[in-house]
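Residue numbering begins at 1 within each chain, and the chains themselves are lettered A, B, C, D, E and F in the order written.
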Amino acid sequence: MKYIIAVIRPHKLEEVKKSLEANGVNLMTVVDVLGCGRQKGITEVYRGVKEVDNLLRKIKLEIAVNDEYLDAAIDAIMKAAPEGDVGDGKIFVFDMAQCIRIRTGEKGNEAIG
Amino acid sequence: MINAADTAWVIVATILVMIMTPTLAFFYGGLVRKKNMLSVLMQCMVILAVISIQWILFGYSLAFGPDHGGIIGSLKYAFLNGVGLDPIEGQTIPAQLFVCFQMMFAVITPALMVGAFVERIKFSGFLLFVVLWSTLIYDPMCHMVWGKGGWLFDKGALDFAGGTVIHITAGISALVASMMIGKRSGNGMSSSPHNLPFAVLGAAFLWMGWFGFNAGSALGVGKQTVSAFINTNTAAAAALIAWMALDWFINKIPTVLGVITGVVAGLVAITPAAGFVTPMASIAIGAGGSIIGFIFVTCIKPKFGYDDSLDVFGVHGMAGVWGALATGIFAVKEVGGTDGLLRGNWHQMWVQAEGVLVAIALSVVGTFIIFKICDLLIGMRVDMRDENIGLDLTQHHEAGYTLID
Amino acid sequence: MINAADTAWVIVATILVMIMTPTLAFFYGGLVRKKNMLSVLMQCMVILAVISIQWILFGYSLAFGPDHGGIIGSLKYAFLNGVGLDPIEGQTIPAQLFVCFQMMFAVITPALMVGAFVERIKFSGFLLFVVLWSTLIYDPMCHMVWGKGGWLFDKGALDFAGGTVIHITAGISALVASMMIGKRSGNGMSSSPHNLPFAVLGAAFLWMGWFGFNAGSALGVGKQTVSAFINTNTAAAAALIAWMALDWFINKIPTVLGVITGVVAGLVAITPAAGFVTPMASIAIGAGGSIIGFIFVTCIKPKFGYDDSLDVFGVHGMAGVWGALATGIFAVKEVGGTDGLLRGNWHQMWVQAEGVLVAIALSVVGTFIIFKICDLLIGMRVDMRDENIGLDLTQHHEAGYTLID
Amino acid sequence: MINAADTAWVIVATILVMIMTPTLAFFYGGLVRKKNMLSVLMQCMVILAVISIQWILFGYSLAFGPDHGGIIGSLKYAFLNGVGLDPIEGQTIPAQLFVCFQMMFAVITPALMVGAFVERIKFSGFLLFVVLWSTLIYDPMCHMVWGKGGWLFDKGALDFAGGTVIHITAGISALVASMMIGKRSGNGMSSSPHNLPFAVLGAAFLWMGWFGFNAGSALGVGKQTVSAFINTNTAAAAALIAWMALDWFINKIPTVLGVITGVVAGLVAITPAAGFVTPMASIAIGAGGSIIGFIFVTCIKPKFGYDDSLDVFGVHGMAGVWGALATGIFAVKEVGGTDGLLRGNWHQMWVQAEGVLVAIALSVVGTFIIFKICDLLIGMRVDMRDENIGLDLTQHHEAGYTLID
Amino acid sequence: MKYIIAVIRPHKLEEVKKSLEANGVNLMTVVDVLGCGRQKGITEVYRGVKEVDNLLRKIKLEIAVNDEYLDAAIDAIMKAAPEGDVGDGKIFVFDMAQCIRIRTGEKGNEAIG
Amino acid sequence: MKYIIAVIRPHKLEEVKKSLEANGVNLMTVVDVLGCGRQKGITEVYRGVKEVDNLLRKIKLEIAVNDEYLDAAIDAIMKAAPEGDVGDGKIFVFDMAQCIRIRTGEKGNEAIG
């Protein structure tokens, strides 16, 4: 079982979700985050004080998948998320030791989908 | 002679109309996405300032200066030359107060259009557009209907507080502008309001301000003032209920966005009629405004697919048309001195329709030309990347809210 | 004869009272959880519309129409029949303006009750409840105290701007309704305000609107208007300070929610007294309102455990009772024509107490019956699942704020 | 004799000035970090209450009571003793209404200073500071300029609505206080506004309220009232445009925070001049206010490094100085009865400058002493840990917003 | 050492926290998230435009525990979180390589509690 | 490849970021969270009702690093984040199975920086 954390641009969320669904991945958790990366933020100016704030709004997706779905999920993200500019984001993959569906108590592969 | 009570009331009314523009900004701003909130507030605040200055420099003179061919005023009163503190003939308030009251109308009209092109307009292009539009469309339109010598004025068109001059003109121009600037990219059209409470706040204060708008248009304190007052409130209330009922029957649920939209549609509809009809007629006019608005917002717009983002066309333009015609239908002599269709005065209907058609024609042609010019000179739309990031950061280098702090 | 200055001021006062209902919505809305924000705004906006229409259709007539047995008015003025623009005898403003001013009082009274059953009431049941309550409780109560021929009116009960008619009635009914609808489930009762700044915004504008409420009740511009004005501000200020002091001594910290609650309690307390007492007495009355409110909110409520969610009973009901009695204590002839207890007029106290008791009795019995009826016909409470998800999504299919966008 | 129209207008103006303090709270509050939002709202609301009471107890008497040496009034009118409902000589409104109108000025002046020491001040120290400051600085200053027998009054200093008395005094005191309390720790000085829309809301309602502030200072309805009205709006508009232009040229982008700051700077600048100049002069005065404000906010402050957090000194103090001098430059007899420099009246300039210098001197010395006393008695600054956590939680045990619910 | 990520219904937070405390788990980090799962969102309607938004408000808990507390933590969540309807949420478990308490520099098992 | 999750005090964010940059770690994702720990919250009082809310505002940093940067990253946080009082926060470290840069499709160590 794998756990995918993907950081994407906020306005790509809709597309990425659709793309994931097309590849059979329907379940995920979405978090509003700020990203600090190579992409330079827009310099905000408040009463002449410039703040080079390199924290940019991003969306973080967290997706638990069974091993056989891993590639499909990654492909789906890779297809929908990029714009080609710095700031497209990253995908991080983790091994997951256990997964439980709270409602039913199902565990492991059963519980993920 | 200056009448103190009249003056006091018109001062208050002017203040009420003034605050409508910022609260309109909140009504609109609450409905856009978070990343574009400030751009909406900015546009409205800037209009308030720019048109305030345009008006005293030359706008007022174009609208209310000595007539040129029934179409426009001369520049005689530019820089408020000769516009002092004594009343204009036939009025009882200082002339400069009349300037201020009318100024706030000139301010809010272009501000209404903001709802049509939110989330994608370039600020610099917008600025030029507003100044040209106000000068070339609003000022003549105002002159024709309200200015001494204006040809619609002479024909006897009834427009108590600006249904034609303001709402139809703004609503139609908004439609044209929204089609010319194009749809929002991505899933812009199906995004949810980022802060509905702000929109409710805006709507509530619009309701409040509209008392100044309509009852203030009596330019004094008297029976007609009170008629306009009670009609304004009644139409707003009836429209709220009507929209809620439609929502409930058709979409199966009464919504907050629905009721506040209804309020505005009702207020728009009663605007031209406020000083001419009875409270019971206001119920019909207000409810009618909601029905028309509802149809345009939920049926016509999806069918045609233009992205009049916050429904300026449906809510102001079309409810405005309804209001202008309804004035011709429901007017009664006892309230405002003229009878309408229901009292057998078919002629008034025709005069009203004429006003509507002129407003539509002028708005369509004028907005088309002005928009094209601005687009060529400066550009009216931000590029895709900026639209994605949002106008607040890209046009103003600011964020509306901090995420962490 | 119409007096222009009086009319101008009462128009303004009406506008001020009108805006109180939406700002009350923000005062209440800021205190609930995020998921129920819109439902509060919706309820208040809908009351504003529905009662505006109810009032001109028949509510006004029930309250101010020709008397039936000292209890209620006839339907003679239904649809504003015969209610024109000339003043009512003894008044100097157009009759329709009096209708509007009183309308806004009729509007805000049920809106005050919203605070008692937030976060769990069913919208459809609520709607029926409000219409019945307004018709069967508010209108008769209003008639008895303010209507010509009303029996409390004839007895000489002093209620300058509606302490008994409005605040006691709403406050007691709120208690009854909150007990009948039951407590919020889960940890509803111990949840924090989702947006305290909105509550402060609401409180500030309530303070502002209350000037219209109280000083407007003079129905013209004169010395009593100014008395009511200065007393209103003084009581609010004194109450703020009193609540802050209590908070500081008893809870060890001065809180924002405390001071705004105090403001409202003080404004409630001064309402019946505003035109009858001196500024120095207002300090006592306002501070007394806070003390009473504080006791009921922080001691009595936890002890009895009813879920009067936003303390309508404590802040409006009980501070209202205090205000009604305080009017009988502090009234002085020079201000409003009647002396109170401190000037040896024991009789006035008794009259005041009678008014209070009638309001309480009518509210308890009436609200009980009306609530039961609505509960049987439609149901007054949403089911558990909807309460958990929140009323915004389940009752209106909308969300107040987007989390991401 | 009481004039009803005058009274009606001054009542309205008083209400407008009253609401400025809470809206100022939103203007300021939107600009601080989320964790300090409530503390700002609290400070402003508490000032509104405390000074309301201080004023009727003794503040009014110190300011407008029988003169003592041109410096201060006696305590004759303490507790409003002898201040009734008949007009003061030379006025046409009930004396208690004049008390209320002036009260709101006394309220907003210390509230303006809040912007200087936000995010680090101790609430208890703040409270003592405000009461002492109001009594020892505002009341005498008010007496000297506006009180009968005040020495600046006798010299003929022009200060229509309080440029010197209010804005210079508050602005200079703010600078002193901000230096004495010290900079915010950590990255406090470079933090972004937590909710710019709230700041825009505040600015918009300040603009609205300022009509009451300036046009109300005519204490009646007449030509000068309308002059003050149109000048107020014109200066605000011109200032908005000027600040936007400066932002655009110098920082390469027009900002929302810029335009609302400009609006306030323009309103400050026109305050002393409102009833004395023409609309065209107002354009210059307003724009000048923005230019001065811009220089102090974006150049001088960073250079000297004091943490006048929300620029009370630059926007109120220095634009106030400009306004006071500009009054001496642009005044024309036809509007307010006195000519200024441009009409060759050099003397007036000197009188104006004198007023400015007195205000500065009194503010610097007085604030220094009062601050020191409060710091010794109670302490003016919270400790580092509390500053990090935020004043809302540490000073008031409340949070402005819930993160989850 | 294990790291538990649990997605639950927002109104269950209080109960779950109490239940965890009862089982000796007092430390956790709470995140406001949107969940996309089998549970269908309520269709929002804005001016007649229906948005089938299947993003629902959820709460994500992140809990680092020593191995011996894993079961206690999971039990606590399983006891308090379910309503029995679709949308009750999931529990994900990860192996954690290291844990450090910033204040003291303690590492590993010591640092968790 | 390692994934660091660090919970810190909100007002320390700026300093921690600078400290990380000084150690060559420039990329991270920042999340607004509530922490439930040993640190006692300030008792909020609403109309006399005291709520001992032990959820405190914290900032969570998520940082993917190559193994050789792990210590540098941890050191940087340990240097800048502590105040010495309870509530300074924690660092959690995980093994990461994969990392992909969305823009380029780079994988593994390449993708992290």
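The rule is short, and it goes like this: contacts are C-beta pairs under 8 Å (C-beta built on N, C-alpha and C of every residue); 3 or more make two chains touch, one makes a residue touch a chain.
Quick caveat, the model's predicted, so the values are computed rather than measured.
Because chain B and chain D carry the same sequence, their contact can be compared by residue number, and under half of the numbers here are used by both. Between the Cα centres of chain B and chain E there is a gap of 50 Å.
The geometric centre of chain B is 50 Å away from that of chain F, both derived from CA atoms. If you average the CA atoms of chain A and of chain E, the two centres end up 18 Å from each other. In this assembly, the C-alpha centroid of chain B lies 34 Å from the C-alpha centroid of chain C. Multi-chain contact residues of chain D, defined as those touching 2 or more other chains: 4-5, 8, 12, 35, 192-193, 195, 251, 253, 255, 257, 397-399, 403-405. Residue numbers of chain F whose C-beta contacts span two or more other chains: 30-32, 34, 44-46, 85, 94-95. Interchain contacts join each chain to each other chain, per the touch definition above. If you check the complex, the residues on chain D that touch chain C are 2, 4-5, 7-8, 11-12, 14-15, 18-19, 22-23, 25-26, 29, 37-38, 41-42, 45-46, 48-50, 52-53, 56, 79-80, 85, 93-94, 96-97, 99-100, 103, 123, 195, 198, 395-402, 405.
Of all residues in chain F, those touching chain E in their complex are 2, 5-8, 31-38, 55, 58, 60, 74, 77-78, 81-82, 84-95.
The residues of chain D lying in touch with chain A in their complex are 190, 192-193, 247, 250-251, 253, 255, 257-258, 261, 294, 297-299, 302, 311.
Across the complex, chain C meets chain E through its residues 35, 186-187, 385, 388-389, 393-394, 397-399, 403-404. Across the complex, chain E is touched by residues 403-405 of chain D.
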